[in-house]
Amino acid sequence: MTQDQPISDLGFARVDHLREARWGLPEAVLGMGKTADQVAQIVARIVERDRGPVLVTRSSVEQYDAVRTLTPQAEWLETPRMIRVAREPVVTAGTVAVVSAGTGDLPVAEEAAVTAETGGATVDRVYDVGVAGLHRVLAEADRLAAADCLVVVAGMEGALPTVVAGLTGAPVVAVPTSIGYGASYDGLAALLGMLNSCAPQVVVVNIDNGFGAGFFAARVTRKR
Amino acid sequence: MTQDQPISDLGFARVDHLREARWGLPEAVLGMGKTADQVAQIVARIVERDRGPVLVTRSSVEQYDAVRTLTPQAEWLETPRMIRVAREPVVTAGTVAVVSAGTGDLPVAEEAAVTAETGGATVDRVYDVGVAGLHRVLAEADRLAAADCLVVVAGMEGALPTVVAGLTGAPVVAVPTSIGYGASYDGLAALLGMLNSCAPQVVVVNIDNGFGAGFFAARVTRKR
Amino acid sequence: MTQDQPISDLGFARVDHLREARWGLPEAVLGMGKTADQVAQIVARIVERDRGPVLVTRSSVEQYDAVRTLTPQAEWLETPRMIRVAREPVVTAGTVAVVSAGTGDLPVAEEAAVTAETGGATVDRVYDVGVAGLHRVLAEADRLAAADCLVVVAGMEGALPTVVAGLTGAPVVAVPTSIGYGASYDGLAALLGMLNSCAPQVVVVNIDNGFGAGFFAARVTRKR
Amino acid sequence: MTQDQPISDLGFARVDHLREARWGLPEAVLGMGKTADQVAQIVARIVERDRGPVLVTRSSVEQYDAVRTLTPQAEWLETPRMIRVAREPVVTAGTVAVVSAGTGDLPVAEEAAVTAETGGATVDRVYDVGVAGLHRVLAEADRLAAADCLVVVAGMEGALPTVVAGLTGAPVVAVPTSIGYGASYDGLAALLGMLNSCAPQVVVVNIDNGFGAGFFAARVTRKR
Amino acid sequence: MTQDQPISDLGFARVDHLREARWGLPEAVLGMGKTADQVAQIVARIVERDRGPVLVTRSSVEQYDAVRTLTPQAEWLETPRMIRVAREPVVTAGTVAVVSAGTGDLPVAEEAAVTAETGGATVDRVYDVGVAGLHRVLAEADRLAAADCLVVVAGMEGALPTVVAGLTGAPVVAVPTSIGYGASYDGLAALLGMLNSCAPQVVVVNIDNGFGAGFFAARVTRKR
Amino acid sequence: MTQDQPISDLGFARVDHLREARWGLPEAVLGMGKTADQVAQIVARIVERDRGPVLVTRSSVEQYDAVRTLTPQAEWLETPRMIRVAREPVVTAGTVAVVSAGTGDLPVAEEAAVTAETGGATVDRVYDVGVAGLHRVLAEADRLAAADCLVVVAGMEGALPTVVAGLTGAPVVAVPTSIGYGASYDGLAALLGMLNSCAPQVVVVNIDNGFGAGFFAARVTRKR
Amino acid sequence: MTQDQPISDLGFARVDHLREARWGLPEAVLGMGKTADQVAQIVARIVERDRGPVLVTRSSVEQYDAVRTLTPQAEWLETPRMIRVAREPVVTAGTVAVVSAGTGDLPVAEEAAVTAETGGATVDRVYDVGVAGLHRVLAEADRLAAADCLVVVAGMEGALPTVVAGLTGAPVVAVPTSIGYGASYDGLAALLGMLNSCAPQVVVVNIDNGFGAGFFAARVTRKR
Amino acid sequence: MTQDQPISDLGFARVDHLREARWGLPEAVLGMGKTADQVAQIVARIVERDRGPVLVTRSSVEQYDAVRTLTPQAEWLETPRMIRVAREPVVTAGTVAVVSAGTGDLPVAEEAAVTAETGGATVDRVYDVGVAGLHRVLAEADRLAAADCLVVVAGMEGALPTVVAGLTGAPVVAVPTSIGYGASYDGLAALLGMLNSCAPQVVVVNIDNGFGAGFFAARVTRKR
């Protein structure tokens, strides 16, 4: 394989080098379900062939240990359980507010925030403003209104995105989380709630998919 | 059967005359699944044996026609599709606010309101204050705070009860409705959302069960 | 109520006049679950108080007949079953490609396309390019790549959004439809497939929610 | 932040000091999903700023160890796995009967009982009276009839609340538990059964939500 | 085909004549999904070849009209929507009590009662004794205790079989019905409740399957 | 567009002419969700451009009337509700046995049988051999063993494919049908049963998808 | 409490001594969810007050160790994970065949077999006769036909009970097990299959409920 | 038992020796749910009585250790967690392409590949060609088109089988995997997607059932 081919075939994986051009960020690596060695080799190849920052999501400390052997500049981010190889974003984007309902939603919110930053956005974190105490979110109305796009992260009943959407005109990406118990059904209640939002500028991603929400939000605010 | 037996056995139904003493309201009749003639006979027997007002829920005009032959004072209530034989409530209760999210939720909200009135409560109707336009519900905060108990009716995402619960200290009875489409799953999304409410004074009844919510709310505010 | 209040209280509905300022489009009316007369009055009030074009979704011919009595300039759109009062969009937006998988998905695709146009976007319709004949969608790769945002509408297995996302760098809003039978479960199969898309710039709206997708897509491409 | 602000922003959490005034009890802390240190700091802040007793639910011994370092008067309650900082209730309430179906339901029943006591109620515990041996519950009919509000806790088929509701005129808060196996589906069977109760004064909370039921029951019986 | 072959091949159906010997009743015909003519031919063949009474379940008046042309002695049973060709039962069985919770459960209860009678049992009908008014079922305890086997029919929450099982030592066959609304999910709530009964002599059949319950109950009490 | 282009763009549909070469049969038309006129135009175009027989599935008499205006040789098949334009199959295939459990499964079985014949197979129909009377299916063991591939159609519990698979070494394509009531959940019970078959040569298609099963079976037995 | 009271109140449990008279077996103890000490005390009290053999189901070795301290004659049964205190059955019953589909179903089958023996029945074990090799079950047809009642235990697709019911005229109690993977959904596929059995003498118990099936089968065959 | 009996009764299992004749491969052993000793004895008996290669699926190293004591030639395959006793296949088959979407799908893909090889097929492995980077799968179009049958393994959204089916005319066996998170529901999203494939030559097996897919694919391509 020569340098200019769009795919790196590592045997166990085909790394896609077209993504950076198409999406503004090199292929991100889903750590879950891969061995530490597989992750390390994939990260090394991306660092070698692509220009932008590299992320591993749903990762582990064991994977991080393998990665930094080949890629010493890699960092471990504890809350979102991500590995990051920080480099200049290929694109620049606008302001993304990442809003979360409760303390338990922090790992997903941080995954979204780190991803949006990696995608070139300025991120404003507005955490623990769940709707049971409405004054908490109303007190931050100005910050919410100032963002170009908002990622709203909530578990349990998932009501926060609609409330936030009533305080801004910008697009809202809702992320249901698996936080809750009983009839939350690991995020299903929040997912269904968000899909049925009566605010028309709310879209939804998979349960706990902070990465997708952050990526999408940065993309939406990208300055071309 | 003598007058003082607690059950009227009509062959097809056993009318329970203990309920008025126990619950403050004669047995209510579920119209759904009964013939018009069955409903008419049951209503007539309750009117004969019990003292308080009588309600038929999930009813039909055909059932009403049969009922008023035997019980001319019966009224037809179009929006909640109920038959009512208005008499003095056996008990007196406090103030119940019935709050609804959208125009489509009106039949269920009215079922709750009529039932609460029948149970002796003063009812304050606060309709069409869904959370996508938060200022609509905030504008009614004083009325919400003045109620002894609140019934909150919402379909789709079912976020309204939690928001309302943040504006009052009184008990909140949440009623999911089957209003919506797609992933609302005929009220399942709203039901799950309400069961996962992060406000601790929110309890839930069955989908579209305005009767149960109104009955419970009047009972809670009863002045003994 | 004076002209400058943000809410029109019609008794059965509270029309929200803040939405045009916040979202760039007057409040849209969900026809489903409202009487023809209610729809007609709401539309008339919005036309009177707001500036932009007005849409009624999930509507009926009966509702349209009532609307045009008060608002003669209203049109009936058969395929998406919408009423439209065409006026100048308040904002201007970019290019939105609306892509659909099969002929049965047309009503939802048209709801998205009309809404995006109403929201100020230029719309490019790319219909009937389902993935079973991959050359059909590959043949339109240039049109897909030219859009600022894409709405991709598909029922049954819902694979089209991911395939489309591999042919563009722009944001993709996926709309599952209820088209299918058996284990499609009225759009559930497509919804789950889209939520699990392995392409990171795909977000999802409710089953058959062409309105939400078109609104969001136009919003994302808005030129401020 | 000064003493009289309604929110304590700890960075990772915003403690809401308005709840005591509104709901009669300081904000309760959900232990699940928080670090021991986070719990300890939140509890300390509530003790400092609010007047009433403090509860941590779904907690752990590790969290308790952290809490008592800052708040030595905190107790550990083994059966319901709660931390309690006992102080005078802000309000006084009536009598709440907590009724449970089986031995396995005890942790949830105790969570309800402790919460109701904390909310100012007198609690009467009536445990292990499941309906398969009907004489067990009938033997306690007098205690059930004496309560101002009843919390009924049951797993498996969840039939107990309806049976209890037939023995009293007071409001009944039903709590489904995750006790069971096979088609109990972790409390779903009990939840659905309770939502379909044919007794009109039965309302329902989330599976295993003893806290919510106890809080609501105490609130309902509050003497103002 | 000769008379003594165990199967009658009618082209569209293979009638099984071994069942009478094996099960004590000729093959019963499920009307649902068959044309009127198909039902008529199948019934005529069974009458010709087998000895015992013949039943068509989930039938229609149109099917009945076709059946009585070929089999004039056939009767139409309105409540359970069955066709019956009454003949001497092949076997004799004991006493089966058929117990139902509400008026809406009557069609399924009657299907069970007629089938048990057809299977040679003496049937005692105990109807409308739902658990919300517990004294109604307690008042019939003697009749319940006298049966050799009980069929208990209930919709909504499905609590009745367990309560009945606590009043007898005989086997109980529970039949969930599709009566209810909202979270009854067409009998699912009742089905799950019955499967989780804490009484060990309760078994369950399909939703609305009065035929299976009546057949099984008669079989269990058969005197050989 | 010239004759040799692989796609016919009719505006509302893109007919795919590559399928005949790839799959041995022209594109089949799903009638459901298309207007009669759309179906008629699509069929006419396929007849014009492709060589093999044409099928419309899930069709209606109204669609048939429109089709035969343009394509007079089209036939209407009542039981499977299909339109067929019979022409020589492009390929020849082996013997396919189509086996069904009950009379209600006939429409799906016929859809499979007609499709397999259209795909060049010789079809042996073995109908109404459900497992409750095991001797019915055992009596046909020789016919089952003689087929090159078997399509087995069953609703309710869906046990027939595994039983048949134990009587042959050939591939078995299982088709769950929506026949049943209550806990059959419109074919879900049969679908799950078939997916869990303990016979390793059983594969499954969508509920009621006789077309897919017949197409696949003919393909498997194709003589190249 | 005196000896002749029907309930032993141990504080944490109310042991029901009426069951032996009513059901022919002392109350069985569900081990799951109880502490070892609770189980030991309950068993000791039953041994002291009742006459028949005692069973603990879903138990553990730790519970057994506690039990035999107070009740030395208790045995541990490894496969079904039960504790048994063998004593003379109070009643005598007939012959119960316990039939299982696969090796993984043995624990549930043994729970049924031991319970039926404890209930006074003679048990014939017919194991590993799943339907994929139909000759295995046909080879045991005589033993199946000889039983007064059959318990049929199967996971995965759950087809065995219907096949067995076609080989006998006796009542069949079907037990779905949680054996399987993927779309078996922990026994749901088997449960639904059994509920939809087309054999009319099949009834169903909860997933993995060998105890209930064995108890019921012995009861049905009891000789009074 | 003599050598020529078709079943080996080991007490805990009945090994079926007819399968080799019927299906071309000795009975395969499902390791899950069996003790190491049971697996070892079953394998030894099959090796003794049958001719072809033997497989144990869903196995463990502990089972392998027991197997090789009795059958030293057995191998352990780490990725698919299988035990194999390699011997000459009884039949010869054609070419099977095993295609997988992601690195996490490898264990299931390898189970399919090893089984197809054991069944006499030549296997071509085409791994990590998920649809988000469509050029990866298009680059392998020639290898896909060359196979006589294809097994396509994918988790998450499960779109790959339809895309592959558009690149070949051969039969496609789709295998959903449990890879994914959130709304993938352990393979349900992929399963539903595959069942709704709009390509007619796609059939489906259970989630993670690589064995069944490989067995079926080899069978379909068998040269008789």
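Observations, loosely collected:
Letters A, B, C, D, E, F, G and H mark the chains as written, and numbering starts fresh at 1 in each.
One rule holds for everything that comes next: contacts are C-beta pairs under 8 Å (C-beta built on N, C-alpha and C of every residue); 3 or more make two chains touch, one makes a residue touch a chain.
Small disclaimer: the values here were computed from a predicted structure and weren't measured.
Separation of subunit C from subunit E in touch steps, taking the shortest path, is 2. Think of subunit C turning onto subunit F: fitted on CA atoms, that turn is 90 degrees, to the nearest 5.
Looking for a copy of the B-D interface in C-F, E-G or A-H, one arrives at E-G, which has over half of the same contact pairs by residue number.
For this pair, subunit D with subunit F, the centres built from the Cα atoms lie 57 Å apart. Subunit C and subunit H have CA centres that are 44 Å apart. If each chain is reduced to the centroid of its CA atoms, subunit D and subunit H end up 51 Å from each other. Shared interface positions of subunit E, defined as residues touching 2 or more other chains, are 102, 132-133, 135, 182-184, 188, 191, 195-196, 206-207.
Checking each pair of chains for touch leaves A-B, A-C, A-D, A-H, B-C, B-D, B-E, C-F, C-H, D-E, D-G, E-F, E-G, F-G, F-H, G-H. Subunit B contributes residues 6-7, 12-14, 16, 18-19, 30, 32-34, 38, 58, 176, 178, 187-188, 191, 206-209 to its touches with subunit E in the complex. Only residues 21-24, 28, 168-171, 173, 191, 195-196, 200-207, 211-213, 215-216, 219-220 of subunit B touch subunit D when the two sit together in their complex.
Remark: subunit A residues 102-104, 106, 127-129, 132-133, 135-136, 139, 179, 181-184 touch subunit D in the complex. Touching subunit A in their complex are the following residues of subunit B: 101-102, 130-135, 156-159, 162-163, 165-167, 180, 182-185, 188-190, 192-199.
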